[in-house]
Structure formats: C-alpha cells, structure tokens
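This report refers to the structure that appears directly beneath it.
To keep things simple, chains are lettered A, B and C as they appear, and every chain counts its residues starting from 1.
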Amino acid sequence: MKGQVDAALPGDERFFERNGPFPLQKLAECADARIVGNEGIDPDRLYVGIAPLQSAGPQDVSFLDNRRYAPLLEQTRAGVVLLGQAFVDRLPKSTVGLVCQAPYLAWARVASLFHPAPAVVPGIHPTALVGTEAAVDPSAQIGPFVVIGARASIGAGTRIDSHAVIGEGVRIGERCRVGAHACVSHAFLGDRVTLLAGVRIGQEGFGFAVGPNGFETVPQLGRVILEDGVEVGANSTIDRGSSQDTVVGAGSRLDNLVQIGHNARLGRCCIVVSQAGISGSTELGDFVTVAAQAGLIGHIRIGTKARIGAQCGVMSDVEAGADVIGSPAMPFREFFRNVAVLRRLAKKTPREGGGEA
Amino acid sequence: MKGQVDAALPGDERFFERNGPFPLQKLAECADARIVGNEGIDPDRLYVGIAPLQSAGPQDVSFLDNRRYAPLLEQTRAGVVLLGQAFVDRLPKSTVGLVCQAPYLAWARVASLFHPAPAVVPGIHPTALVGTEAAVDPSAQIGPFVVIGARASIGAGTRIDSHAVIGEGVRIGERCRVGAHACVSHAFLGDRVTLLAGVRIGQEGFGFAVGPNGFETVPQLGRVILEDGVEVGANSTIDRGSSQDTVVGAGSRLDNLVQIGHNARLGRCCIVVSQAGISGSTELGDFVTVAAQAGLIGHIRIGTKARIGAQCGVMSDVEAGADVIGSPAMPFREFFRNVAVLRRLAKKTPREGGGEA
Amino acid sequence: MKGQVDAALPGDERFFERNGPFPLQKLAECADARIVGNEGIDPDRLYVGIAPLQSAGPQDVSFLDNRRYAPLLEQTRAGVVLLGQAFVDRLPKSTVGLVCQAPYLAWARVASLFHPAPAVVPGIHPTALVGTEAAVDPSAQIGPFVVIGARASIGAGTRIDSHAVIGEGVRIGERCRVGAHACVSHAFLGDRVTLLAGVRIGQEGFGFAVGPNGFETVPQLGRVILEDGVEVGANSTIDRGSSQDTVVGAGSRLDNLVQIGHNARLGRCCIVVSQAGISGSTELGDFVTVAAQAGLIGHIRIGTKARIGAQCGVMSDVEAGADVIGSPAMPFREFFRNVAVLRRLAKKTPREGGGEA
C-alpha cells in the first residue's frame, strides 16, 4: 500500500474522539479498582490513552482479561494495567496494576472515558425526507438521504445515519442509533436500541402455502418489537411476525448476518453470534447464548441461560442452563465423548473389508 | 419500553390495510370450506378481523394448521376457526368451524381478504433518477432516491422502493416489487417477482484464476434470470453467470441471507431457506427444498422434489425425491441411525484407555 | 416470462462492452498458448466472441478447464478452444486448439480482451455529497447519492457506486471500486480494492462486558486495513478492530455474506468462500483457503496454505499446509474414514436393543 498505514494504535484521531489525560486516581475510580505495585506512585499522575499490552507505553493504560495473553503482561511497557487479582504477581515492576473484579468491564469503562462515543448533532439533513405527521424530536440527528415515513416517531437523542429508511408508523425511542442503509418497518423500538449498517427489520417473513398453481403468500400481519438496549449487527435480518409479534428482549445483542424468523421471541440479555439463525416461532428464555453459525428450527423453546454451541443444529427444546453442541444438538460432554470414541474406533478399524470393531 | 406496546394483534392499523367486516358465507367461499358446529348460525353474521387462537375473540377468524397448537383450539374464544376435518370434534361449542382441505392455504386467502397488500401508487418520486431511454410504465411506483439505469424497463404495476438501484439494460416485468436498498444489474426479471430489502442480484460471481502475481479476475459475462413469481428474502445474494446464466425457476422462494453462486440453475417452485448456499453451476430440479444453513458444492445436480435438510453439506448429486441430511449428506434414516449407534457406542466405551467397543 | 429471454450467450451487449474481432495470433499471444490442430489455419483469421463449449460457434473462442466437461469438447462447434495438453487429442477436427499451461488463467485474459471491464467515467454526480476537506481525485467516478465524509480521500481511477457511504477520514487508494450501498468507515483501503454491493466495512465489532445492569459496550477503537487488490463479495461484513486493527492481506478474495470479526488478520492471497465466518483475533497466514460456511473460533492461528473445508468448525490452531474438515475440524483423511467407519458400524448394529457392535 502506498502511503504507509501507521502502526496500529487504538483510538486513531482521524476516526475517534479523544479525552484526557486522566489521573491515576480517576482511572481507579472509573474501573472500581485497587491500585497495586509501583509503590508510592502519585495518584495524580496523568495517563493519555489506551493500548494493548504489546504496544502500550508508560503513558498508556492497558488490560489483561484473557489468560492466553498473560505472557504479554510480563513484557508490557504499559504505565497501568487493569487486571484480576490472579495476575498481580506477573506485573512488571514499572507498571501499576488496577486490580478489579471484572477487568473487561473496567476496560469498557476506562476506554469509554478516553474515547467517548461521538456526540449526536441535532438536526435534519436537508436531503432527508420526513413524511406527514412524522414526529422527529428536535434533539435527534437525521442524516443525508434518510427517508422517514408518515406518522413515524423518532425519540430524543436518536441518530439515524445516511440512507436509512424508517417505515410508516414506526416508533423509535430515545438515544437509539440506526446505521447507514438500515431499514425498519412494522416495528417498535425501545430506547438505546442500536442497529448497525444494512440491518433489515420488519420485512415479511417466509410464509406461504401450497396452492393449485404454486405457492401463495400468507400475509405477514405482525410486527417487530425490539426492547430497550437491543443491538443488532450489520446486515442482520429480523422478520416481522405473521400473526403474533417477533420480539427481542431488553439488552439482547445480535451480531452480524444473523437471521431471526417471524414470531420468534428472544428473552432479555440473549447473545446471538454471527451467522446464527433462529427459525420462526421459536422462543428463547433470558440470558440464552447462541454461538456463531448455530441454527434453531422453528416452534421450539430454549430455556433460560442455555448455551447453544457454534454450528449447533437444534431440533428440539433445550432445558434451562443446558450446554449443547453438535448437529443434532447434544450435551457438550456427550458430543466430545462421541468425537473421541469415533476417532478411537476408526483407528482400530482396518481400512478395507468388514473387520471386527 | 416507555409508551406501552399494545398486546400483539395481527393487522395493526398503523401498518396494515384493513377491509371488512365480512359475512360468514363470504369467508366460507374464500376458504373453499364447509361450515360446521354452532348449529343454526346465520351465514350473514359478520366478522371483523383475524387473530391467533389464543387472542381471537368472538368477532375474529382464526385457524389451526399445526397439530402442536391443537390444545389452544379447545380454549379459543374465536368466532370462526379454519381447520381440517380431523380437529372438528375439538371445536368449542361457541365457535364455528370452517372445514377445509388445506387450512393454511385457506388462511392465506382469508387473511388477504381482511388485509390486502398495499396498493401500488403510480408515479416517479421527484428525487428518483431515471436514465436515458429507460421505460418506466406509467402505472409503476418509483420511490425516493431510486436510481434506474439507461435502457432499463419497469413493467406495469411494479413498485420499486426507496434507494433501490436498477442497472442499465435490466428488464423488470409487471407487478414486481423491489425492496429498499436492493440492487439489480445484468438481469431479467419476469412478472410478480419480489425482492426484499437489501437483495443483491447480478453482481459478478466469485471467479478468478491463479496468475504469477496473485489472483486474476475471470470476467463474469452471464446474466441472472428470475422467472415469474420468484421471491427473494432480505440481504440475499444471487451472482450473475460467468459464461452461462444464473436462473431461478418460476415460483421459487428464497429466504433471507441466501447465497446463489454463478451459473446455478434452480427449477420451478424450489424453496431455499435462510442462510443456505448453493455454489456455482449446481442445478436443482423442480420442487426441491433446501433447508436452512444447508450448503451445496458446485457442479452437482439435485433431482426433482429432493429435500435437503438443515445444515446439510451436499458434496455429490442427489436423486429425485431423496431426503438427505448431515455433512456429508446421507439419507435421513441413515443419518439418524448413525447418530443413535454412535451414542450407544459412546455409552458403552470406558472413558480412558483402549477398552473394547 | 413474457418477452422471451434470449438464449444464454455470454457478453450480452445490453450489459457488457465488446471489443474485437481479434486474429488467432493475437489470441494465442494473449493466452500465452501454442496453436494446435486444424493444420494450415491462417493466423490472421478473426474471431468475434467467447462462449461455453456447448453454445460456441465457428467464430467463437471457448475453453476447457474442468475434466467434468471434457465430453462437451468432442462435440463443440467452437472455432478455438483454450485447453491443456492432456485434452488435445479430443479436439474436433474443425476446431483449433490453444494449448496452455493454465487454461483458466488464459481464459480470464482472453475473455477480458473481448469484454473489458467498464471504463471509469471521471466526475462527481451532482446529487453526491462530499464533506469538507475530502480529497477526491479528479479521475475518480462518484455516483448518485454517494456520501463522502469530511477529510476522506479517494484515489485516481476509483469508482464509487450509487448510495455508497464513505466515512470521515477514510482513505481509499487508486483504481478501487466500491459497489452500490456499500459503506466504509474507520478504514484504509489500498489500491485496486473491490467491494461489491452492500459490503459493510469498519462498523464496531461484537464486544461487550457483563455489567450489573446487563451488557456494556466495549469501545471498538481499531480500524480496518484492506491491502492492495483485496476483493470483498456482496453483503459481507468486516468489523473494525477493538484495540488493534482488522487486516486483510494483499490480493485476498472474500465471497458474498462472509463475516470477519474484530482484530482478525488475514495474510496475502487468502480465499474465503461464501457464508464463512472468521471470529475475532484469529490469524490466517498467506494463501489460506476457507471454504463455504466454515467457521473459525476466535484467537487461533491458521498456518500458511492451510485449507479449511466447507462447513468446517475450527476450534484450535491449524498447521501450515494442513487440509481439515468436519466440526470439530480434523484432517480430511480422518474425517472421511470416520464417516466410513460409522456407516459400517451402523449397518451391523441391530435396530433395537443393546446388541453387540
């Protein structure tokens, strides 16, 4: 590439806001952490930014959350590291530790201190189209070429990015963010809902009956309800219900390229990782995790706190708290035992002919 | 969520048109059904809407198609229920039954009676751009910020939603619908073709050769042909052919996030469920079903009425009428027998050491 | 379909540019090939176009690369066929052979000779919006309704298609192509980078910590770096890094609906086929192939030239040069042996009861 790309530093000023510097004491409060190591350090000492362990310098804050990266801790030049008690004795002498219960959560907060999310700039871009009787809060930001349908409402502090399309009658709450090229129809969104670019909310579900001359469409007459704090990744699709609603519970997070079928209901704080799919009328309890590329057939129930492994194919109900994986889904332990048993059998089996197992 | 979301009623008037009320006799005709139960009911009695069994009231029409929900029938307060003969004796006394051969098809038609698809409003939005020599039928509806390329043609009664992009020379038939942010190039669409939001039709396929300095693109010189009545779900992608055409046969239905590779050919009335992928140059006969997240490699043939199960990985031809599942694909019966045999073996196998199977 | 679709001929003039005719000698040079068969043919004889073996006529050039289609060679009416030495004796008498080392590469070049990629037409469409201090090279083509953010730069000969959104500060090199409805933020693109329609580059990755009141977002403060010659298929998504960058190495090709997580690093000339997903912080060496619908968990390393099979689920590091498949991933040979062993065991096992294996 011509014109060198600078070494990777988080928070590139071309793209991100930057606050600070902040004194150690402020960082400790933000992280809800205890200061350790580097005896006698001045709590008013200032730090200017954040960085990963391998590139952080004496003025930077870093963190350790994943045991896999512990060896990097011993060599870091970071001024401060957020970490758990278990790693304190691997801190270099020149580095201050901020010991906390939940280092990753602390990192989220400290990183947000240095690099806050961009502020919403109130106003409707002159190229945007706002339909009759639509109610756009004066504090909302509506980008170029946005189309807002008649009677839609957009809450305070909400940002709608360029080219997004909000259908007639749609209700979007406060402090939401709708990414570029997203479209939303037949839907109600709570507060603090985030849709990344290209998300499709509220289109008709996959419903048709076999008629004498081919398939006939079954009208899809429900809605999509995204409760407070729901986030949906880029290019994901959530179909509206057929005769009930499709619902995603408060605080749930969906990754990119996820599919949610009509009438599906997700509880609160569910996690659905990239390229997973949940078929129509299936219900998830609260705190369910669906890992990447997993698929759930329709009309089943997944209990609270169940965890569905990557690429898992779930064909029947899953109990609360269960961990399943495989296609068809089975308990984690069973799956890995099956894998091991089959491997052992295959090794013992002669390549040709019908030898004894 | 602030501002309560009303209980889920299908056909929310903020989003859907509503016709009616309709007399029982009219509903029976529409459903091609026989009136049963509730002796002496007036065939002119009026019904105002539709609803699922659990929320329908005495003025509503409901339906039962899935055996799983039969217990709801016994408790429903619905005025009328569309159902098959087998469930008639579970009808509550106060509910009229409309007995039909195909309750789901009947439901599609009755629901459409109450809630017809929105009418097309002829005209070209002033922000839309229409290229030279493009032919847009005066009865077509062209939304805001739509771009229609030179020499493209758009048929009577077709609706192109906001921001859609129709490439040069593309031909779109009558009564089609192209969703927001969809784009179509190098393609011919028949009549009554529906593309949901974000669909990508006609981009170059994944074709390149290994050259001395890396990959070199193989020009993709074919087209996409979507025959009459084809429907494509949100954010799905259909690449144009390389030297032949990519073809989707009349009446076929593709769900969201589906991928169709270059030169693939689907027959009539195929079903491809969400997140499934069909690789280049593979051919499907008529009435083939490909379930969710299934994948077909390139250059194979799938016979008429074959059914490919969810997450199936198909690496070779599949015979007409066959049911396959698993990765690699095998007959349904074999797959589930393998699963059972492995489970039994694993239970008998000691956890450690090389015990006898 | 009303209005018949013409028989599939590649290079339909409604959609593609067309050059030529070209003399045999020129074709042989372009293909770096040796002329064989049809003794005494005039090297100045002209050919007008390209076509597949089954539809090519005496004035057309065709090619054979896949052994599967060799029977078509014997019956072709093509004037010239690009092919490898091994197939020369199956050439019809009336057909000239152009024998080359790499027939598919030769085909790419000859096809490009007849049908060059459309020329870039310099200029900024009057509906496009270009932010303050953005630098758009005068030779670049900026389509309708494009939005280019402040301080972004667009290199010479680059084409940005309609509705694309280029974020603030983004740098795009020379001779790039950004498809309709694509959006790019927090990113640097090298030269000759191609993004097809609907691609999402640079959105925040899937990062959050568990807080006392639900999930809290971890700021995603890295960038996306797409090196020279990278191509990304329609509706694919590449998240920006969290504290490092997400990098795709020079010459790599990604198909449609692919997901690349934050901090992932792909080497040079990698291939990632449709609907595959690479999780956060995973690293691929050079020349790695990831087949369709495969999934890689986060924080692992895949060695140079490794090949990951379709639908493979990779949960741990893969050595350089290894071929793996299955979920969990294992060597190709082991996978297919396991499949065979299980099939044999299932056949021998009585259907009911706990019979001996």
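Here is the rule we use: a residue touches a chain if its C-beta (ideal position, glycine included) is under 8 Å from a C-beta of that chain, and two chains touch if they have at least 3 such contacts.
Being a predicted model, the structure only gives us computed values, none of them experimental.
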**Report entry** Set of chains adjacent to subunit A and to subunit C
**Finding:** B
Query raised in the report: Through what angle, between 0 and 180°, must subunit B be rotated so its C-alpha atoms fit those of subunit C, rounded to a multiple of 5?
Result: 120
Report task. Would you mind working out whether subunit A and subunit B touch using mostly the same residue numbers, over half shared, or mostly different ones? Result -> different
Query raised in the report: Using CA atom averages as chain centres, what separation in Å is found between subunit A and subunit B?
Result: 27
Query raised in the report: At which residue positions does subunit B touch at least two other chains?
Result: 145, 163, 181, 198, 235, 250, 257, 275, 293, 311, 327, 342, 345, 357
Report summary line: Seen from subunit B, its contact residues with subunit C in the complex are 129, 145, 147, 151, 163, 165, 167-169, 171, 173-174, 181, 183, 185-186, 188, 190-191, 198, 200, 203-204, 206, 208-211, 214-219, 221-223, 225, 227-228, 235, 237, 239, 241-245, 250, 257, 259, 261, 275, 277, 279, 293, 295, 297, 299, 311, 313, 315, 327-328, 330, 334, 337-338, 341-342, 344-345, 348, 357
Report summary line: So, in the complex, the side of subunit C touching subunit B is made of residues 1-3, 5, 8, 10-12, 14-16, 50-52, 66, 68, 102, 104-105, 107-109, 111-112, 115, 117, 127, 143-145, 161-163, 179-181, 196-198, 229, 231, 233-235, 250-251, 253, 255-257, 268-269, 273-275, 292-293, 310-311, 327, 339, 342-343, 345-346, 349, 351, 354, 357
